[in-house]
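Heads up, the next two complexes both have chain A, just with different partners, chain B and then chain C.
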Partner chain A sequence: MFSSPRELLDGTEKLSSVSVVHERLNEAIFSQRTTVGQITSIIMQDAGLTARLLRIVNSAYFGFPRKIDTISRAVMVVGTQQLHDLTIATSIVKLFQRIPERFVSMGSFWKHSVACGLAARVIAGLNRESNVERFFVGGILHDVGRLIMYDKIPEMMDEAFSHVMNHPAPMFIAEQEIIGFDHAAVGAALIEAWHLPGSLEEIVRYHHTPQSANRYQREASVVHIADVIAHAMQCGSSGELNVPPFDEDAWTLLGINPGSLPQIVDLVDRQLEGVLKMFHSNES
Partner chain B sequence: MIEENVNTIPSVEALMERVRFLEETNQWMLESFEAVSAIDDQRSSPHSRWDKNSIYGAARAHLRRLVGFEAMAFFRPDETNNEFILEEADPAGERESIINEVNQLIDEGLFGWALHQNRPIPIPSRNDTRVFVLHGLETRRNVIGMFVGIAPSSESIPNKLALNLMSIVLFKTAVGLEQLELYERISNQNRILEQKVEERTKELMNAKDIALRASRLKSEFVANMSHELRTPLSGIIGISELLIESQLGQETRRYATMIRNSGDTLLAIINDILDFSKIEAGKLTIERISFNLVQVIAEVVAILEGKADAKGLRIKCEYALGDLPNYYGDPLRVRQVIMNLVGNAIKFTNHGFITVRAAIEEHGAEQPVVKISVMDTGIGIEEEVQANLFQSFTQGDGSTTRKYGGTGLGLAISKQLVELMGGMIGVQSYAGKGSTFWFTLPLPSRAQGQESKSLPVNKKEVSRSGFTAHENSPFDHSRGVKESESFNNEIRALVAEDNQVNQEVSRGMLTQIGFQVTVVPDGLRAVQENNRSPFDIIFMDCQMPVMDGYEATRQIRQSEGPGRRAIIIAVTAHAFPGDRESCIQAGMDDYIAKPFKQAELRNIITRWTTHLHDNRENTRDDKQTSLLPSTRIEQIIDRERIEEIKSIKSHSHPSLLGRVVQHFQRDFPLKIASMREGTEHRDAFQVRKAAHALRGSSAQVGAIVVAKVCEQIELLAIKESVEGTGRLIDVLEDAFKQAVEQLVTLVPKEELQ
Partner chain C sequence: MRKIGIDQLSEGMIVDDPVSDFHGTVLMQKGTAITPNGIKILKTWGVLEVSIDDASAKEHSISREPQIDPRFMQEAKNEVQILFQHANQNNLFAKELMRLATIRIAEARSERR
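The block that comes next holds the complex of A and B.
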């Protein structure tokens, strides 16, 4: 029996590599002294990462009119913070390539996650947020806790699933009742353990209950809405049987124009395939 | 995969380095944040100019502090074609090269892409080592423009913090520019609005002037109409009256009567219409003078009695006015309203009676009112019809106009008049059961009543002996109306009138009365004729060609001396109350409104000719007007005295009266001679002695006038004056002649030798 989400994480040795890169980058970016060159060299130490990043910045996802040949150019154009976020996204996705597909296929899972990420990015763009990549990352990672739970406690997840079949409710409620904590908490614990930015942690923790967030209520609200949109669009599945409850206050807080919905859905539709390929490509 | 020993503990040097680094960063951050938050303060200072240049300048200053740009530029989109134009570049010398580079970036699509990224986008130049940092200037609502900052090389690109602060500065700059634009637009709008308001006001003033002019024209039109309509109508009515008075056969007389009646009806309608239009134009004024309400009602009843009798109706009057002596108001209008109501009652009643009631009503704390009601047993009025009764041009329903005649204006005018006088009007009626029309008038306190100082208005005065409606007018009518019909035909009357028919009417009427009539067609001729030989009474039409009545009157008055004063009666169409003031100012004494009836003419003449009689006497001898006694001519001989003497019968004096008279006759010339001598020699004492003696003897014989004149001569002489005695002696001789004439008739023949 696990009494806290943190306990689930123990033993995940895969943690370290992600955190190392991240911490180095973080420090480098944060430091006023660090030049673009230094950041570039940190990234380039990871060839796979380098390749993935270059692919992303040259894709329609980014829409940059010029070809970006080098990481240093990418750093300049994309922005260091944004590039950092993309790094996190790709690393984590790569981390969870193979998980037992009892509850959900990986393809389906990442499809839903990427759709959510794209929707969140578009919404953030409409609201003129300065770092839209942060939202993309948040969107991609919001259900990552589920993967860990599927891996570590599959029987309890079974129980939760059956419960939901007979008493219609969102999975996270059932998880809380049966297991004692939900996938949002687990995902947040992982983010925390990796020392990733606080906004990501709150996004993941409160993506079903954005009103409970502290400093990053806006971010949590954006991903919450993006999650609902992704479910409504039926882009893949994360193991949720029903569309999760929608918090109207989140909508009001962001002041999104309902007329923007068609635009959001359209952009997600167009970019989904391309982005999935980039993040999910099988190499190594 | 990265291979790294995550468990390495950093060295002390590394830690120290990190601490120093963190402190520096912290310090830099504090300074930068302070600087950035101070942006707004600069802008809101009242001392600094607020325009685009100052906004750009402030932005540049902050950006320079954060990032060491070697050049900075601001691009703004052109409103018409949405192309970006370089608005400001610093240093100015870089303009060309900046524009070149930016154009390339626009072509590539990089410019457009960077615009919406909401963060600084560093783009290496293709041409050299410089880096162009692009940052969109956007507010929530608008794309304001693009900032372009030039860094000398990639290495000099600032770090993330500085770039973020840059975003803040540029966002604030965008907001500031947006504010400025909005403010300028509002100021412009205000200016345009003010201009529009000014233009509109001018237009409105013009329109007002035009409207006022139109209104004035309308009033003048009404005034002219009044004159134009009344003048020929007065001809019709006047001539028909003359016809009626003249020798006519029965049938012709009938025709003439019908003409006159039609004329009367037409006049009534015209008066209604003119009244109505006056009320509409707001030109009707209400008088405030003292008059007797009961009398006004009685008059109306008297006038309409004939019509009521003809239909077999009886009119009753009831009064509950307490001790209300006089009412202060407009008798003409009150009479008009009562006439209208009673006239209607008669019109719409076929049998039974009509009751006119006047009573004071008090309802608790409200001001007491006088309520006058006219109740009839007529055809009644349906409820739906009652609502529209007092509106113009309706008369119950259209058919009643045809059946009963009338303009339908009566009640509308009555309502307006009553309301102008501060009262209310209303009706209670049931179809088939008769109607009660009523109106109230407020009872003003005594203090409010003002006497009218204007000429009396007598359009429809009833000639009843002893009745005077206007007690306080400036002209003294206390002599009352004389019953006598014929006047001294010494009275010379002048008629100034341009309309030929009206000339005939006036000449005819005045000649019938017994005057010597002269007619002139305009004011100038009137003045000339009067100058040649002054008239006693002048009937002056107000509106005439060449010279109008007012001017003619003014000139006549100017030429008159202190003693002599013609009576000038204005003949007017009486369109507006202002006419009265004009007449008074010109110097007229009274007026009569045309068309006038003979009866009205007689009244006004009677009122003034008693004046004339006195004037005649008084001006016979100019200087003695004040001295002559104002006794009646009949009393030349005191009959009582004669009787007394007659009754003294004694044996010694059987014919006393005869002897007394003879003595008087013989003595008189002697005394006269003595008086004349005294006057010649300026011997007052002699005059006095003779006069005194003659006084006694004339008193004896009852020759009062002679005695009075002697008394006056005596009084003069006592003052040691013989001035004017000569004249008085002349008068004395005249008086003596008259006295003797009478005495001779009174003394029995046998007593005179």
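The block that comes next holds the complex of A and C.
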């Protein structure tokens, strides 16, 4: 029996190069004296990352009118903070490739994650939040705890699945009942272990309960709503079969009205395939 | 008088009941003629339905929602009920999301067959 989400991690945090890249970049970004040149050279030490970032900034996702052919130009146009967050996003894809497809297809899991990330980015954009990429990454990561649970405690997850078959309930409630904590807590522990920003930790921890967030209630509310939308659109799944219960106060807090839903859904639909492709041709 | 979805409004229709936004502020008085700009304003404020007087509704034949076989619509409605079984359905967000999900599922089904 595992008594805390942290115990589950046990080495999993090393699965990806997220923390290494992140720490070097983070140091550079938060130091007052860093130049564009220094950030450029950190990124360029990793040829794969360089190629991925250039592909992303040149994709329809950003829609810049002219081709961006160097990292230093990308740093200037996209901004260091956003480029940093995109770096995290590109590193996460690797995590999804390692987990066996026993419970859900990884394609479906990844699609749900990206759809949620895109919806979060669209909502953040409509609300004129700064750094919309933070929301995109938060959306992509919101269910990351489930990857670890499928990997480390498959029998308990089996039990949770049969529990929701017999007693209709959302999957995260079944996880709490059977394991003692849910994928949101496991995901948050992973984000902490990676030393990613506190906003991402709260987004993941509170994506089912945004009212409980401390410092980042707006961020958690955006991803909460984005998750509901991704489920309603039936864009992939991480194991949850139905639309999770949602918090009306989150909509009120953000001042989103129901009339903007068709627009949000439409924007996600139009970007989804492109973004999935953008990350897929990634293994180079 | 009949209620018409925001996407089916067309220019020249006459509003038959004052239109209010989410907070109750009146956006259009009874008797107002719909204009393209008016539709934009209604969308901006999140209005989903408007009451239109019968005569003008007939005159401007309503472009119906994409023609979907009612059989598919009914199947989709049932599926959406299951999809939203854990959500609180008694609010505008849930209603609009369920409407969008129903059309989405029904369209997918009618394309498949």
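Annotations
Quick note on the criterion: the second predicted complex is superposed on the first by the 279 of 284 C-alpha atoms of A that agree within 3 Å, B and C clash if a C-alpha of one lies under 4 Å from a C-alpha of the other, contacts with A are read in each partner's own complex, and residues count from 1 in each chain.
To be clear about the criterion, a residue touches a chain if its C-beta (ideal position, glycine included) is under 8 Å from a C-beta of that chain, and two chains touch if they have at least 3 such contacts.
As the structure is a prediction and not an experimental result, all values here were calculated from the model.
By the touch criterion stated above, A:L95 is placed in contact with neither chain B nor chain C. More residues of chain A are touched by B (comparison of chain B with chain C). Contacts of A:G79 after superposition on the shared chain: chain B is touched, whereas chain C is not.
Once chain A of one complex is fitted onto chain A of the other, the partner contacts of A:V265 are limited to chain C, with no touch recorded for chain B.
Contacts of A:A193 after superposition on the shared chain: neither chain B nor chain C is touched. In the superposed model, A:I178 makes contact with neither chain B nor chain C.
In the superposed pair of complexes, A:D46 makes contact with chain B only, with no contact to chain C. When the two complexes are overlaid on their common chain A, residue A:M156 makes contact with neither chain B nor chain C. The contact surfaces that chain B and chain C form on chain A in the two complexes do not overlap at any residue. Those residues of chain A that touch chain C in the shared complex are 168-170, 228-229, 231-234, 242-246, 248, 251, 257-262, 265. Of all residues in chain A, only 16-17, 20-21, 29-37, 45-46, 63-66, 72-73, 76-77, 79-81, 125, 128-131 touch chain B in the complex they form. Only residues 1-2, 4, 6, 21, 24-25, 28, 108-110, 113, 116, 118-119, 121-124, 131, 138, 140, 154-155, 157, 159-164, 167 of chain B touch chain A when the two sit together in their complex.
Interface residues of chain C facing chain A in the complex, by the touch rule stated above, are 6-7, 21-22, 42-48, 82-88, 91-98, 100-101, 104-105.
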